[in-house]
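One structure coming up, written as structure tokens, with questions to follow.
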Amino acid sequence: MTRPLRALTLLAALGILSAGLTGCAAPAETAPPASASADILEGSITVFAAASLTTTFTELADAFEAQHSGTTISLNFAGSSDLVTQITEGAPADVFASADTKNMTKLTDADLQKTDPVDFATNALEIAVPPGNPAGIADFADLATPGLKLVVCAPEVPCGSATVAIEKSAGITLSPVSEESSVTDVLGKITSGQADAGLVYVTDVTAAGDAVEGIEFAESAEAVNTYPIVALKDSTSPDVAQAFIEYVTGSAGQRVLAAAGFGAP
Amino acid sequence: MSPAAKQYSGVPAWVAALAVVGATFVLLPLAAMVLRVNWAEFIPLISSESSVAALLLSLRTSLAATVLCVIFGVPMALVLARTDFWGQKLLRSLVLLPLVLPPVVGGIALLYTFGRRGLLGQTFEVLGIDIAFTTTAVVLAQTFVALPFLVLSLEGALRTVGTRYEAIGATLGAGPSTVLRRITLPLVVPAVVSGAVLSFARALGEFGATLTFAGSLQGSTRTLPLEIYLQRETDPDTAVALSLVLVVVAIVIVSLAHRTGRPSLRRARELS
Amino acid sequence: MTFSVDLHVTDRDVRLHLTVAAGETVAVLGPNGAGKSTLLNSIAGLIRPDSGRSQLGGTVLFDLPAAGSGRRVWRPAHRRGVSLLAQEPLLFPHLSVLDNVAFAPRSAGASARHARETAMHWLRQVDAEPLAARRPAELSGGQAQRIAVARALASDPGLLLLDEPLAALDISVAPAVRRMLRRVLVDRSAIIVTHDVLDAYTLADRVIIVENGRISDEGTPAEVFDRPRGAFAAGLAGLNLLTGIRRGTTLITADAVAAVANLPEPGVTEGSPLSLAVRPAAVAVSIAPPTDPRLIRLQAELIDLEPRGDFVRARSAVLAADVSPKEAAQLDTAVGSPVWFSFPTSAATLYPTVPSENSAP
């Protein structure tokens, strides 16, 4: 039911991205001779990727297809845990990109991987505040100010467990007014001005553009999320799957991920 | 009236077959869910602190929303069914809009009305009333989506009953309030009850508007549907168990509404 | 209490004036759509006429001057002291019989006990005391209508309106309810709308015929039905009505379709309008001219023969006759041809035609 809202922010994010895209896309097109094997690569793959990768992977898939005209990439975005469930239930996937190592472990425990997972990005938490920062938040400790309307992710979801980890290491107990089940819902409360501050990923702040302001804080280093990617055993086009993983972990892929706010692995 | 043992039935076999497919389509997912329930852990799953808190909050807020629906919905239905004014048709469509609106849109609309930066929210903030992230916000969201159910079912009943009894009451010397109290309302009590039950069910199932508008915090804003949605992330067993609880509650409510709905039909038939 | 009403509804072209003297019962008869229901509902306060005025005793029920001049008065239905009894009993289904009848006294502010005493009194008046504890759903049609009468009377109305109170009743129970109404309507101001001449004769002191939104005839039941002024009243009374101009011993009807020969000498001067009323049962039909010179006769085309139980109605455009099946069989070949209608002078009522003041065209 959160679809429409998610779609809205996504649209906004896409708009912002497409504006900055020309700068990224240009070098990719002027440097195709880098891979001579590109011409013989053929086939279709389905990539299951974490929802937080929606914009970056869409862009990467387009660029990859442009480079290898014989390939087609279908993308399926959802929460990492949903994706793992789908794959273990037999959904046809060639590549899986998870937002955390925990869900990747679920997949490797089921022995569905073709090769070992490779880390390709990291993501850290950042404080998100409405434009102008009306509550005057400066650091993590400010989030514990009494009366402050703080919105975080519920501990059950990855951004929430990261929040709990930071609270523990910093020795600060937060009393949020709401524990949302997704980053989108946290951002929604910030952009609408309902809440004074929220804790979300750096990439979410980047994607939200001018709607929120991001405030980095040192304690975020205590809970950095690592994004692993893996080719799956049942892949029908293992070559294309492997080439796509290499593209994501390669310089072009890393440039796009960095622009969206992801850290290097 | 019980039909004769062998009455002519005009349903062709292929229609019956399609009906069976349709019914299966509705029932199979429910059965599939029941099959997935972890029965060994069922009681502990649904009696965990967060589950109980969510269930109690849901019952409490839905009840409050239902009361609000009756207080405001009955007059709305009366005005729509019994008066005639310019723009009434348009008003009816607008009032019934939450029926067809995606709940999340309702949530956004409420946000811009009662939210901190909303139309009324700023006034409320000045008055020291804070609705954001409170149980009040949940009740508002639930009332918003549930109100049309009561208005719709009651307006229909009022139109079926007609105004003839009321007119007779007036010629017998009863003023408008007496007519309402002693004639109109008693005649539509079954519709009020079934409308209220439907509103309660809708409030209980409310998710989108609550998520958008009220937030999600155990004990104050995280209702059962929100709890299910959250548990789905990490603990599918709990999510399935709680879903089953919600399904059972819904079945009980639907059968209640069906039962109270029947006398109103019978009465309507008597009147016509 | 004297009652008067002037009523004007433009879009239905209704323009009526009538009065009801204290204790008088007036029957209003007329074809469907003539404006009878408009009349009752306006008096009861359920619909608002375009203009008009109505007063019951010293109370103005409504005063709606035409063209918006002057102050408009509209007394709400519940403060008029006018009670309406409809064709259907419309007993409140959720209340017992006793509480239905006690409804008006309760609404008037009487205590529950006093209201029930009043209700019991009126239940006795309509012979329905044993039904007090029942629910409306447990009553027969006749019983329900009795209760409805008691309920209307319990409001002690200054004017009682009855809208075809017997029309929905089974033919076997209507006479008993009619007798009961006759009893309770004595000395009570009432207007009864009906389609039944019997109701008018039994219940009414005065009869008003409404046609096309106008009063076309008015008088005692005997005046209106023995000497009808128009086709509607004649039809209700079961009479043939011929109207025309007197020429010697002949009556030339208005459309000159037929002439009646052998008129006796009534007090109508040559060339003046004359009405003739005769029961179809008194009219004989023959293919050959009647031999008895004393009979009133006219020749007209026999349109059809319509069986009506134990007799057959022979119809022409101007006159109908009730004949035996045997006579009808003999006439069968004459359908479509001119035949002779005849009747003795003793069976005919002859009277000067008095055009109604606001009679419809």
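A, B and C label the chains in the order they appear, each numbered from 1.
Heads up, the rule we're going with is that a contact is a pair of C-beta atoms (placed from the backbone, for glycine too) under 8 Å apart; a residue touches a chain by one contact, two chains touch by 3 or more.
Labels paired with UniProt names: B = Molybdenum transport system permease; C = ABC transporter ATP-binding protein.
Predicted model only: the values in this text are computed from it and were never measured.
Enumerate, in label order, the chains that touch subunit B and subunit C alike.
none
Which one chain sits nearest the middle, judging by mean Cα positions?
Central by C-alpha mean position: chain B.
On a CA-centroid basis, which chain has its centre farthest from subunit C's?
A
Let me have the rounded angstrom distance from the C-alpha centre of subunit B over to the C-alpha centre of subunit C, please.
For subunit B versus subunit C, the centre distance works out to 53 Å.
Averaging over Cα atoms per chain, report the distance between subunit A and subunit B in Å.
38
In whole angstrom, what separates the CA-based centres of subunit A and subunit C?
Roughly 87 Å separates the two chain centres.
Which part of subunit C faces subunit B closely enough to touch in the complex?
Result: residues 44-46, 76-84, 86, 90, 92-95, 103-104, 106-108, 137, 151-152, 155, 161 of subunit C touch subunit B.
Which residues of subunit A touch subunit B in their complex?
Result: residues 1-5, 79, 81, 85, 149, 151, 154, 156-157, 176-181, 185, 188-189, 192-195 of subunit A touch subunit B.
Going by the contact rule set out above, which residues of subunit B touch subunit A in the complex?
102-105, 108, 111-112, 115-117, 132-133, 207-208, 211-212, 214-218, 221-222, 226, 229-231, 233-236
Looking at the complex, which residues from subunit B come into contact with subunit C?
Interface residues on subunit B, with respect to subunit C: 164-165, 167-176, 178-179, 182-183, 186-187, 267, 270-271.
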